[in-house]
């Protein structure tokens, strides 16, 4: 078990938004979390990365208890996140943003290689590499956010709605890339509104509702589940 | 007890003056109490911080008035004093200002207002006399835009113009800065024979030093706000040598017993000498006030004021003899000219 | 008759040709889609229309009137309203007040009337609140009126942005990726809403990457790529245009 | 909850109104200063609290009002209370003219410009601009105000004049903030682009709040001048602007009770610490930090406006 | 003409000091978006600490003047940096998530606190540095008087500015500092220790301020507890003039402000000098709303 979350509770102020979430991710897996707006998916990801404080429960990453570590130490363990809302560094250039993605990497000389790989994935970023990230179009910023996450060469990659605002062609490309990255050994935990695509990519999935995990199954099973279809796949497709 | 108020800038830009004032008045009150107090009662000094700001001063005055002080000593700065004048007057409390030289303060005919400090016009007159004596034809005047310094500068300008001396430069620096080379450069190009600086010693010290550093040897005459030993420290003895300034005589220079006793006691209690003459003038305010109370045997403001106006003559103060005229101004020649010698000592000029 | 007419619009940012000689018309009462790859210049077109930036060249004619040199708030008063690609609500104000922001340009009372609280001002205020509530009802947020905007879920924030825009009583509503971040269920609801808005005789121009939405609601579609228009027509035409497939849609290999 | 605070506020008001009966002159005068700061605070609150504009030069507008009063009173003998409209006009007009070209500056750039304006005005006053401000001496001999022939001189009399003015200000500013105008300021504070995109003329409203705030401060200047009977540039220093700015944030920005409480703190705290003379400002500074840490939003933060919504069952519902 | 160049050099010398303080201002602003009003007081503290060390340690007897001054500078910078870090810890860190204006009030409070603390510790009277520590040699170039020390300060400022610029813009940790300035949460997701980054900034900025305080003490001899307020305001003006958050901007702004003041004093009026400087500042901001070198990121909508 690579990542093991047990009974996770998180509060914003006095309001508890996660009421005991339990989920596991195995080495080499792609796991997706489905759920309506406000279910607590992003909160779950943020608490893994240490950006929100955990009120109760444990998050084990192999032998480390993440809830006791500080955010930057968590990243050093090999956990990268592409956060919701992109959160790129808008007054840094595209290239500087990517470099920041590799901040914790020790293998200095290989960073350039990874960057070239990201540029190949998103050629427009290469064109814009000296532009300030804040002036990129919405979709370009999304590419940058993903690229920045990939720069980390993490052991596990957490993605929060990576396809948001991307053109259809690119959405396909992204999912394909995630598949490739996974093939190369990176474990992936994916939150995605585009549930159908996510389930097609993932091995397993969890369904989350108002701060609780309500369903857990293999991806195929979830795709076939009528309740899931009704709630997250827009019923029978038009 | 008999309560006497002290209004002084204990905080704010003039805090050092105010703190000296407090030390001096408390020292004198202590001595007085040791010798049996006043009218058989102890004297209690109540100090109020005016922060060097008119509005706070008004409050401080209000505070002293409500504590039923017989009289109040203070304060430093003419506009600060002015903001408190009406409050004392309306409550019939005697006020004796120590560092407030603006002419208009006593022009209002307030019955209970006195000052131990001299007036700007007096100083202007003495200053111009000195400049005349030095024989300067082209004079530069520099002030710092404070009420006091500007008043003095204007006074001097008017008198000099009457005497057909050329004012080749007239402007104001901003106090509190460190670098006055721009001003000196400009002043130098006006080629004055001598410079009359009417501002305060911190700036004057810098001016002297920077003037020296740029090898400009013009003589400087300073106003009475320069009578402070720190001037020499700032300027350095070499740069300060030859600097003239006006001042009421400092206690050190007075042959009187009062002055030397006071200096001794002060040094004993606080380990230094008073920072400036203005603080010492608050001591004189305290002394004349208590003297008047003693003489009249009363704390009634009307009686005390009347005594100060009319009966107190040539009282031996720490800064020379003291009498008041009917406006409350101190009468008599107060100002002298000092010169800094090669050791950095202030030498009273004949 | 066309509600909005764009002629030879061009905008450069430094070396980037964000919009390159684009012309199209939005017929009154229609729903029009603006699609294209990321960075094609779609949002920039919206910014040009709403006066947030100025075109280097070209004309924008709204209801027979050129609006190129007008300030944003004037353009809004003329009857164009928009939403933003990244949500820009007044996060610390209530949902109702967010909608009242949209009412602003339809009200008159200034500071003096407010201080004196004249009958006119009070009447106007009441009417504005009534109208705002009505708008909230329309998008289905009536129950959240007292919430702070930041406490709404993402999808509801998107709806609130639309409500705020609608409150200005626009004749042309432009939406920048309204379905972004919504799941398919919510997208379906959004489609219903968009149609409802159109049925109230508001013309709609929208940007969207969710093809299920675009193909279902848009009567006409304009496709941009690298700032230039590469295709235009009905959903059917555009979907089968090889240029569009190549640049944007990709082939459905499933 | 609401009624609770109503009771507290009315008790406070009554207590305050009766306070001159049992306080001595000094404390009444302290309250007078609190009142002046309260009105100034309210006038600045429109700019800082509601519009979120970073104004650290409010003393400039206050000064323009005070000097207008002083000049017209001493030269033309116009009674000071009659000069109120003129002071408002001159300060408002001044704000309109000088802020016009710089109103589009953002955040800290606007901040330094307002500091600059404050300094420019102060320096102009010191240098006796146009020969009418009497330089550093300031203008003296300003009349006390009089109402129906009764001259107001003692602190107790000023108390009712000043706090009457506070009441009027609260009345008007309360209405102002609960209106289209007040909301518009909040919108631009939250997000200028979105405000403009909702049809709000952002530049106009920014300027308008400066003008109104300045005009109001100008009137306070008039009262201040007649209370002190002498005004000089040092009363309008940068420090004064800093105090005003601070009192708003300590009390609670965009909150009328907060601003009034802030005035009490800013004037009152240093008075309370008078006993420890030399250290009083040290403690004051420390208290500022501590209060911001423990009550980030100020002591009485602003509350959401309430609206009476039509329809749907139970009459009043809050929003 | 000679006078013009003399005034230009006068202005450059003053500007160099403004620039040095402005650099610290801008550094802190850059990462916390906080106008650190207490920066001026850190400057004051630097000059007082310098005085204490100078008079108590007698360094110049042991090491000779040059080495002594360098040592002194190192010690002052170190100590002021510690004060800066403590300031951050107590007055700013608890407010990191709070509205910006709250932090500004905290900064103002810190400024008042420090100013009065210095007054209580060292007394209200001005203090004077011992004379004759700095060499008073001056070069006379075509009739223009150039004090060597001021020249050195100018070079030092430029050198420090360059070093800082390279550090912030070309190094990994510098980029991390800028990243943390933009979005602390995202920076942490990159593995950046935001607390450490802010600490670095709060060591560098105050250290520079302290160094400037020491320099002013050595150069002009006279220090008092209120001087930080004046210098702080000038430095803030300078930082804004150049574009706040921008390192070369602080430099340019500082130098320019010094020159504007000197020229204003020389050719218009000494009494109006500060007002003139502000008028020029306002005019510049009307034309360039984010300062001379300020980034003008058109906000992407």
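A, B, C, D and E label the chains in the order they appear, each numbered from 1.
Operating definition for what follows: a residue touches a chain if its C-beta (ideal position, glycine included) is under 8 Å from a C-beta of that chain, and two chains touch if they have at least 3 such contacts.
Here the structure is a predicted model, which is why all the values come from computation and not from measurement.
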Given the touch definition stated above, what is the smallest step count connecting chain A to chain B? 2
Can you tell me the least number of steps between chain A and chain D, where a step is a move to a chain it touches? 2
Of all chains present, which has the mean Cα position farthest from that of chain A? B
Quick check: more C-beta contact pairs at D-E or at A-C? D-E
CA centroids of chain C and chain D: separation to the nearest Å works out as 41
Rounded Å distance between chain B and chain E, as computed from the means of their C-alpha atoms: 36
Per the centroid of Cα atoms for each chain, what is the distance between chain A and chain E, given in Å? 43
For chain D, give me the residues that contact two or more of the other chains. 126-127, 193, 278, 281
Multi-chain contact sites of chain C, meaning residues that touch two or more partners: 13, 43, 52, 84-85, 88
Could you tell me which residues belong to chain E and also touch two or more other chains? 116, 119, 269, 271, 274, 298-299, 301
Interface with chain C, chain D side, in the complex: residues 172, 175-176, 178-184, 186-187, 190-191, 193-202, 208, 212, 304-305, 307-312, 317-319
Taking the complex as given, what residues does chain E use to touch chain A? 172, 175-176, 178-179, 182-183, 185-194, 295, 297-300
Seen from chain A, its contact residues with chain C in the complex are 36-38, 85, 124, 131, 135-140, 142-143, 161, 164-172, 193, 195-196, 231-235, 238
Contact residues on chain D for chain E in the complex? 48, 54, 101-102, 104-106, 108-109, 111-113, 115-117, 119-120, 123-124, 126-127, 193, 238, 242, 245-246, 249-250, 253, 278-279, 281-282, 284-289, 292-293, 296-297
If you look only at chain C, which of its residues touch chain D in the complex? 50, 52, 71-73, 76-77, 81-82, 84, 88-97, 100-102, 104-105, 107, 109-111, 113-117, 121, 124-126, 128-130, 133, 142, 145-146, 148, 164-165, 168
